[in-house]
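Below you'll find the structures, each written out as structure tokens.
Here chain A shows up in two complexes: once beside chain B, once beside chain C.
Right after this comes the complex of A and B.
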């Protein structure tokens, strides 16, 4: 029996995946490029992101609404499909590892000081193993359950921090750094909408495929709006310099909350938002990874791959984290190149070859 | 079988429920409330004020010990000095509840940037403590002074700075993130509130000092220290500090007086809103500081009778004039120090970035020649519970007799 998720769950997963790493890193990265105009960068990114989403959906429909790995084999043939499929899987693997590293770093820097990040990584991975063993349906349902908590936390953060807004901080609007406002889109897109390519791996399991594009877009836009507001708040409340300086500006944003000297020190809600979104992100990457291996090695069940993969992912996360400075460095250099190869060039080639094959027929 | 594996999972996960990895029980830490930073030949001398929990929370067995104790240690770097303090403190120092970081005047004159990194970077420190400069004395001496009413002097200083800012206006509550922001911002210089000891600082450290109605030493908060870069260059006096807060729109409530007739009228500022606008005519750039202030009549000790609107207007004009004067005094002083503490440069950067690009490299020199106009608009709102003052009647009766 094939596991199915409904459109609402799919939409929620998209929303959660967009927030995952993005909400915690993007304010710094965007502001580093565009200074006070980084919110403009965000708006443009969301618009471009919508096009990316539409394109991915069209690619999926063009490929006959099947498993993404079947589509890859259709487009590139058996051998080509194997090579490109593995390139794609390596990207998914990198994503799972990178998210695991960041969750470990964040929690050990900001929340549980003194706890080695390895331990946190290990616990999160253990939980993910349990989740992935239960399958996509359970993950989607629990995401649906936590969705309301995540949204409430986000709204609380916005509400509580809004009295501290100093609108002066966004001025001058679009006078300096015009070029870098646009340059900033390149790395930001990789962290947000290009990562959604991973969802091609589970798209065939959505029960209502006719409205797929709509769900995909709504999730994408909702996530985009949240990221935009977070960036805007970071600039307005913390100021440009502090947003660039801080490792995790959104957490400092949470620390700023102080209503009537009573509601304060509740930065935990930020950690809550991020912990859950990132956990589901890891789960999705993990499950797509296992399913890809299942397809290429023609196994009956993907569950056999779960535990060995956990060892690989944990080891990669263990070795991959050099020091705190490595994460932003990686995001701004290597990751950009890898992302554009996997999430733009390969799908583009795939799309072309699918169209050519259709025309030939 | 699967049931047992799941149970095993559940048991394994229980291991992590035991709690925090690096848990510190309350009985194994010393809670620090204030940190005084002075300079030494090696680097920093830190004075740490820690709580003596028994004296604060204990109901029985209150001894005659003080509620706070101080430890001093020096080190080459800030972090080293903090850690070296464990040599003298009985337990590990816990910095999360820090309320005050005070710099000695000599450190501030040399530059404070080297100590700031730790204050922002370290995870144990929150950003909600206030920062201040100790005038004349060292920071160590200041946080050793015992205060009446509040057993913890850091808490007294914290509250005083806050209430003085909110009700009297010549101080400014500066927290570490704001300080760093203004130290790094283009076109704006930093300020810190001043604290000083009045009385005998040595005697003020003894418990006898607070056992009498008039303590032997008292802590006062007044005036604002002006920075240029990260170095303290001078002080604004009380009036100039108030002017500074007027210009930077930081006045929440204050009291001022104007002389009118043969005496004075005091007004209470209820609301103030300041805008700084940059005007550009050809090459000449001028700044307009526009203040909109709402005041209440607080006290009338003059024979001037407020009969109709024209009298009200007369007072309004006088008050406006006075506000303009203290603002200008504050600007003149800042120009003397070549330090743009008000952020006129920032206004320029925000309104015309191109112009700012031309002057930003020597803004502190350019600032001295900037033309700044202050325009205050005062509106009298309420008059308290008396509309017609009785001062005149008493005076008339006096002269009759």
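Right after this comes the complex of A and C.
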């Protein structure tokens, strides 16, 4: 029986996926480029991201609303499809590993100090294995369940931090760093909307495909708004320099909370938001990876790949990044290149080939 | 210490393998079962060697190495725009 998810669950998964790594790293990366104007960078990114979402949906519709790996084979032929499909899967694999590494790093640096990140990585991966074995439907339902907790946590964070806002930190608006404001969009897009290409791997499982674009867009815009507000709050509350210096500025934002000396330092809220969003992100990448392998090796079920993949992912995450300082370096170099090749150039070629084949017919 | 962790990891991996194999044999065909066994054995050996610090292959570095010719100039360009430069 084919697993199906509804539009609302799909939208929630998009929202959660967008928040994943982005909410914790983006304020620092955006501010590093545009300083006080980083919120402008975020606004432009969300607008471009909406176009990216529309494009991905059009590509899916153009391919006959089928499995993305079938669309790849349709566009590039059997052998080409195999090569490009594996390139896409290598990106999904990188995404799963990178998210696992960052979750291990974050928890061991900020929450469970002294616990080796490998132990956290291992525990999260074991949980992801259980989730993926249950299938996409169960993952989507649990995401739906946790969605309200995530939203409430975000709202609480915004509310509690708002008294600390110093709007002067945002000024002068767009007076300096104009070029950097736009250049910053390049790495930020890779961490947000370009990662949504992974969802093409599960799009055929959405039950109401007619309204797919709507769900995709709503999820994307909601996620974009949250990232924008987080970045804006980081600049207003922490200031430009502190936001650049911190690896996890949103966590420091949580530490700043102090309401009437009664509600204090509830940075656990941030940890909660990030832990859950990143966990679902890992699960989605993992499931797409297994489904892709199932398609290319012509297996009956993707579940056969789950445990071997877990070993490979753990093995890759074990030595992945030598230290936390390597993560921003990786995001600004390797990840940019790989993201734009896999999430822009390959879909563009695929789209062109689908259009040409359609015209020939 | 690393060796002890490696041995523990291997014991854990083999028990996972046996547990999964027992379940799998009921539902999968011969080709799938063979694939599963082969991939698991290879990955268990790799992972155990890695965990016990006997062998080191960094997959993430592999990505960086492949992307290096384009990634290096891009990083240089991006770094000129960081911390508000580039105007």
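Rule of thumb we're sticking to: the second predicted complex is superposed on the first by the 361 of 361 C-alpha atoms of A that agree within 3 Å, B and C clash if a C-alpha of one lies under 4 Å from a C-alpha of the other, contacts with A are read in each partner's own complex, and residues count from 1 in each chain.
Simple rule for what comes next: contacts are C-beta pairs under 8 Å (C-beta built on N, C-alpha and C of every residue); 3 or more make two chains touch, one makes a residue touch a chain.
Predicted, not measured: the structure shown is a model, and the values here were computed from it.
Novice: Of the two partner chains, chain B (first) and chain C (second), which one does A:130 touch, if any: first, second, both, or neither?
Specialist: A:130: touches chain B, not chain C.
Novice: In this superposed model, does chain C or chain B come into contact with more residues of chain A?
Specialist: Ranking chain B and chain C by residues of chain A touched puts C first.
Novice: Using the touch definition from the top, say if A:268 reaches chain B (first), chain C (second), both or neither.
Specialist: Once the two structures are laid over each other on A, A:268 reaches no partner at all.
Novice: Given the touch rule stated above, what does A:175 touch, chain B (first), chain C (second), both, or neither?
Specialist: first
Novice: Look at A:184 in the shared chain and tell me whether it touches chain B only, chain C only, both, or neither; answer first, second, both or neither.
Specialist: second
Novice: Tell me the contact category for A:239 with respect to chain B and chain C: first, second, both or neither.
Specialist: In the superposition, A:239 contacts chain B only.
Novice: Looking at the overlay, what does A:113 touch: chain B (first), chain C (second), both, or neither?
Specialist: first
Novice: Would you check which partner chain A:337 touches, where first means chain B only, second means chain C only, and both and neither mean what they say?
Specialist: Only chain C; A:337 stays clear of chain B.
Novice: For A:64, is the partner it touches chain B (first), chain C (second), both, or none of the two (neither)?
Specialist: neither
Novice: Output the chain A positions appearing in both contact lists, the one against chain B and the one against chain C.
Specialist: 176
Novice: For a test of understanding, state which residues of chain B touch chain A in their complex under the given definition.
Specialist: Residues 9, 12-13, 16, 20-22, 120, 123-124, 126-128, 177, 180-181, 184-185, 349-354 of chain B touch chain A in their complex.
Novice: Could you list, by residue number, the parts of chain A that touch chain C in their complex?
Specialist: Of all residues in chain A, those touching chain C are 32-35, 90, 94, 97-98, 101, 176-180, 183-184, 186-187, 244, 297, 299-301, 304, 307-308, 311-312, 314-316, 318-321, 329-330, 332-334, 336-338.
Novice: Residue numbers of chain C touching chain A in their complex, please.
Specialist: Of all residues in chain C, those touching chain A are 13, 16-17, 20, 24, 27-29, 32, 35-36, 39-40, 43-44, 46-47, 50-51, 56-60, 63-64, 67-68, 70-72, 74-75, 78-79, 81-87.
Novice: If we count contacts the way the header does, which residues on chain A are in touch with chain B in the complex?
Specialist: 109-110, 112-116, 119, 123, 126-127, 130, 168, 171-172, 175-176, 238-239, 241-242, 245, 252, 255, 258, 265
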